[in-house]
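Chains here go by letter, A, B, C and D, matching the order in which they are written, and residues are numbered from 1 within each.
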Amino acid sequence: MDLRVDLGGLTLKNPVMTASGTFGYGLEFAPYGDLRSLGGIVVKGLSLKPREGNPVPRLAETPSGMLNAIGLQNCGAERFLKSMLPGLPWRETPVVANLYACDTLEFAELAGLLASAEGVAALEVNISCPNVQAGGVLFGQDPALAARVTEAVKARAGSKPVMVKLSPNVTDIVAVAKAVEGAGADAISLINTLTGMAVDVRTRKPRLANVVGGLSGPAIKPVALRCVWQVSRAVSIPVVGMGGISSATDALEFILVGAGAVQVGTANFLRPDFSFRLAEELPLAAQALGITDLSTFRGSLAVG
Amino acid sequence: MPHRHCRDVPVLAVAPAGPEGLANGLWRLELENPGFTGVKPGQFAMLRPPAWGFDPLWARPLSISRALDDRIVFHFLVAGRGTAAFTRLAPGEPVTVWGPLGQGFAVEPGAPTLLVGGGIGIAPFVEYAATHPTPGKLALLFGHRPPRSCYPYDELGAMIAVESFQDKTPEDIPRFVELLEKRIAEHAGGLVLACGPTPLLRSVKNLADKHGVRAQVSLENRMACGVGACLGCVAENPEGHRVQTCVKGPVFWADKVTL
Amino acid sequence: MDLRVDLGGLTLKNPVMTASGTFGYGLEFAPYGDLRSLGGIVVKGLSLKPREGNPVPRLAETPSGMLNAIGLQNCGAERFLKSMLPGLPWRETPVVANLYACDTLEFAELAGLLASAEGVAALEVNISCPNVQAGGVLFGQDPALAARVTEAVKARAGSKPVMVKLSPNVTDIVAVAKAVEGAGADAISLINTLTGMAVDVRTRKPRLANVVGGLSGPAIKPVALRCVWQVSRAVSIPVVGMGGISSATDALEFILVGAGAVQVGTANFLRPDFSFRLAEELPLAAQALGITDLSTFRGSLAVG
Amino acid sequence: MPHRHCRDVPVLAVAPAGPEGLANGLWRLELENPGFTGVKPGQFAMLRPPAWGFDPLWARPLSISRALDDRIVFHFLVAGRGTAAFTRLAPGEPVTVWGPLGQGFAVEPGAPTLLVGGGIGIAPFVEYAATHPTPGKLALLFGHRPPRSCYPYDELGAMIAVESFQDKTPEDIPRFVELLEKRIAEHAGGLVLACGPTPLLRSVKNLADKHGVRAQVSLENRMACGVGACLGCVAENPEGHRVQTCVKGPVFWADKVTL
């Protein structure tokens, strides 16, 4: 089965990517599988300067899901390019840099820096991180702001495809999707986490030092599928789906509602070889369902 | 690249530890060895039975208490849902396991080494004592609340010099700390290794500092991935950097971590 | 322990209510417990005319949650008042009518009809039902529309307290909450379901005939807690919390973040005696935590 | 008010049905009787082991196959996650059960009554035959794919006249329908009761209509609450009204439900 996918100029050998923030810088997972077998690796969100992130506790387990408020701890774009990227098999598997910044100028600068690196195949713009007080949330929740960031990043990305990652914490996700498409995004990825909270009745304190955090995992899959379905029908650029994918069937569900490719997030924590197994199982699961070609299966949901 | 594995292996045995283990929630678990070799005592594994579905979601970290050719052994305390679910495992049932993970305890054959175990924190010291090149240099100080028979204390006693202290009332704790200080002071020039509740680790850190003894502490931060990816388990170091307990720890030099 | 709560004029003997659409018209649960032991009974959403609702399948199970697209099947307000209400112990336990309509005029008429019935203690306005194509969604997603419905209902509700039930499918739930508070709502209840979707890769069809449906159950509890916390800090009317409550601890979590009372929804399906057991267990669970008084515990979350 | 109960009761036994049950996913489950009395055959119960946590979320409906003083018996097919999890129940483990629920089959002592069971749809007929006042009037026509030994067929055969037909190839189905038509025609003036897959129920409905025989069918709609509250399980009646299968059914007069 031909598993190749084109995501607005970024070609993957199969549709299985890893989701930002859940696969480290990639190398953490090398003992558990062959990184070259993956369709793509999206690394932890990078900022211009290194960030130490939020205080602990940063994680809470919830029914079939989890909350995180890491606060974008990362080594900074420069250190990533110098020390991490060279260790990744970027010639065989595209490495996508996930960008986080607090204003459009910073986004532009970051985009320029990352796009100029040979080993970076594409950029994913995080306009939706709900964990950091300043910036993030607002960009993703307002179509006009989302468009501005997209334009700023596009202007500095050169020939590298730009994927914009949307937040589900909005009244109308289609409006945001259309805005970033209009602003030149080459692809859209979704969903980022839902804003949630957990508390401890014993201590009377929030379970996250940051009080609120992002909900991910199987619990949010229904919301994610709905968003991917709505967005992929409304835009004509490729859509990358994620949110709770924890089996080959889940991945196929996202493709069925219109996703070009998928990203695996929280499931990487269920077992560190999860993404490798998924890349292996996906074609087998498709064949077992009588799917001979992913491109005709894609978006073939029969509605009404 | 260190040798790590992620495998589904069958449960060989799970049972309360000793006659009073059940009442005190202390258990022993044996799994088929998933291929772990060269385990460094103090390293841990992540365990997740696939039968959990998605609830609980995360694997649970347990210290490797013995790594034998054919099996690996854990000792655990029922702390919540996940560990309670471990007690209901049936022999033959698969458990997804990955490891060995993290940094183990320092092994210094020439140094008199004091092992400080608080409760179930005794677990990694079984493997430590069993594989140490000069066990004659080792001594264990063990603080606990449930009876000693709930822990692998006698197993350790068969290998090295051991001493225990049972906390029965809140007043016992300062008396234990006194004893701890005495033993740490006796290890000047040697090494102190501690595993147990945070207040105990904090005492060890402070006392080791006071008496100029080199010490390591093993942290039990909440973990999701165990492999350094989620950044959920971070500890802070004195320079204010946040580092993953699962890869930079769980064993840290006491002066290199803020408790 | 004094468990009484005042919800803007509606007094409950304890904070455990049942959530609309998950407890039928109440009598379905009479074999499993004493309805008089509950703090309040919110009945299935009522419309002016009987409705047959959506075609099947209407339900799908999801990880720690479920999707529903019932489409507001109900017997109509008149039939409820005539045939169902008299069978309920409304003198001992307040019965709250949940209102659903497609325009403000209809909402007003419905409010007048229901408020005039002696056995109806209060009205809960569903401006957030995501299942029905026309109306519902829009009212709850726009602060101005939400305010208009609230005013229309208030104008016809006489002395009966009006509670407005909010949707979480919005960018800014606090804006909607403030709008309905400004329009005269006596209390706010939240959250209604999150919009989601499930598909079957074998048949390539949605699992719900209506394609999208409402996600409820433990999976959404983190989102619900966050919404209740945000809203209860922003308004000065009482807030009723719901979303995934499945234990006494869960109920206390909602009270800790500011809820005056709670509603039990999906958990009624886990066992039909769930709400009765919760009403019994809540004070015991509180005592076990050293809580001597719910009113001082309420909203006592220690933040920062 | 009908007597209904919701209780946590222990599993007494769970085992594959017969030597070929395991391979075919057909099992038998016995629970302590939660207080069910006066069960009408065709009624069902909702079952949910608390150990499920929240995943799976819903209880699963199963027909009451026997209601004895001390225990209730179910026969089930492994259809997905929930029923697969039932097979892993351990004796003594608690299951939350509520029931008896819904409308049972008509019992007409004077009427020759044909029971049509398709696969695991045979389950409610065990109780039906065991409690019928005039079992001599009963005959069972049983269609199945896995071997007969996987079902309580012999148990029924010990009580009433039984006849079975195994579908081995798709071509067998029309031949089974022919046989079905013959038997239904023979029951003119009597009663036909059917439980099994929807296509079978549809055939029964049509054939009963064609031959003017009164018939009832038992539906297996997906259920969340089982008590009429969620409105998820509705069937449509000829007037276009949607009615809860769990309270107005699962047994409907064939001419009062759209299939």
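One rule holds in what follows: a residue touches a chain if its C-beta (ideal position, glycine included) is under 8 Å from a C-beta of that chain, and two chains touch if they have at least 3 such contacts.
Chains and their UniProt names: A, C = Dihydroorotate dehydrogenase; B, D = Dihydroorotate dehydrogenase B (NAD(+)), electron transfer subunit.
Because the structure is a prediction, the values reported are computed rather than measured.
Chemist: On the document's contact criterion, could you list the chains that touch subunit C and likewise touch subunit D?
Modeler: Of all the chains present, those in contact with both subunit C and subunit D are A, B.
Chemist: Determine, using the mean of C-alpha atoms as each chain's centre, which chain is farthest from subunit A.
Modeler: D
Chemist: Report the inter-centroid distance (CA atoms only) between subunit A and subunit D in whole Å.
Modeler: Whole-Å distance between the two chain centres: 47.
Chemist: Roughly how far is subunit A from subunit B, going centre to centre by Cα mean, in whole Å?
Modeler: The mean C-alpha positions of subunit A and subunit B differ by 35 Å.
Chemist: When the C-alpha atoms of subunit B and subunit D are each averaged to a single point, how far apart are the two points in Å?
Modeler: The separation of the two C-alpha centroids amounts to 53 Å.
Chemist: When you check subunit B against every other chain, which residues touch at least two of them?
Modeler: 53-56
Chemist: Indicate the residues of subunit A shared as contacts by at least two other chains.
Modeler: In subunit A, residues 62-65, 217-219 touch at least two other chains, as defined above.
Chemist: Examine which chains touch each other and state the graph shape they make (line, ring, star, complete, other).
Modeler: It is complete, because no pair of chains fails to touch.
Chemist: Taking the touch rule as given, give the residues of subunit C at its contact with subunit A in the complex, in rising order.
Modeler: Result: residues 62-65, 67, 141, 169-172, 194-199, 201-206, 211-212, 215, 217-223, 225-226, 229, 244, 249, 252-253, 256-257, 289, 297, 300-304 of subunit C touch subunit A.
Chemist: Quick one: which bits of subunit C touch subunit B in the complex? Just the residue numbers, please.
Modeler: 63-64, 218
Chemist: What part of subunit A is in contact with subunit B in the complex they form?
Modeler: Interface residues on the subunit A side: 21-24, 28-32, 44, 52-53, 56-59, 61-66, 68, 70, 73, 217-219, 246, 266, 268-273.
Chemist: What part of subunit D is in contact with subunit B in the complex they form?
Modeler: Against subunit B, subunit D makes touches at 51-56, 81, 88, 90.
Chemist: Looking at the complex, which residues from subunit B come into contact with subunit C?
Modeler: Residue list for subunit B touching subunit C: 53-55.
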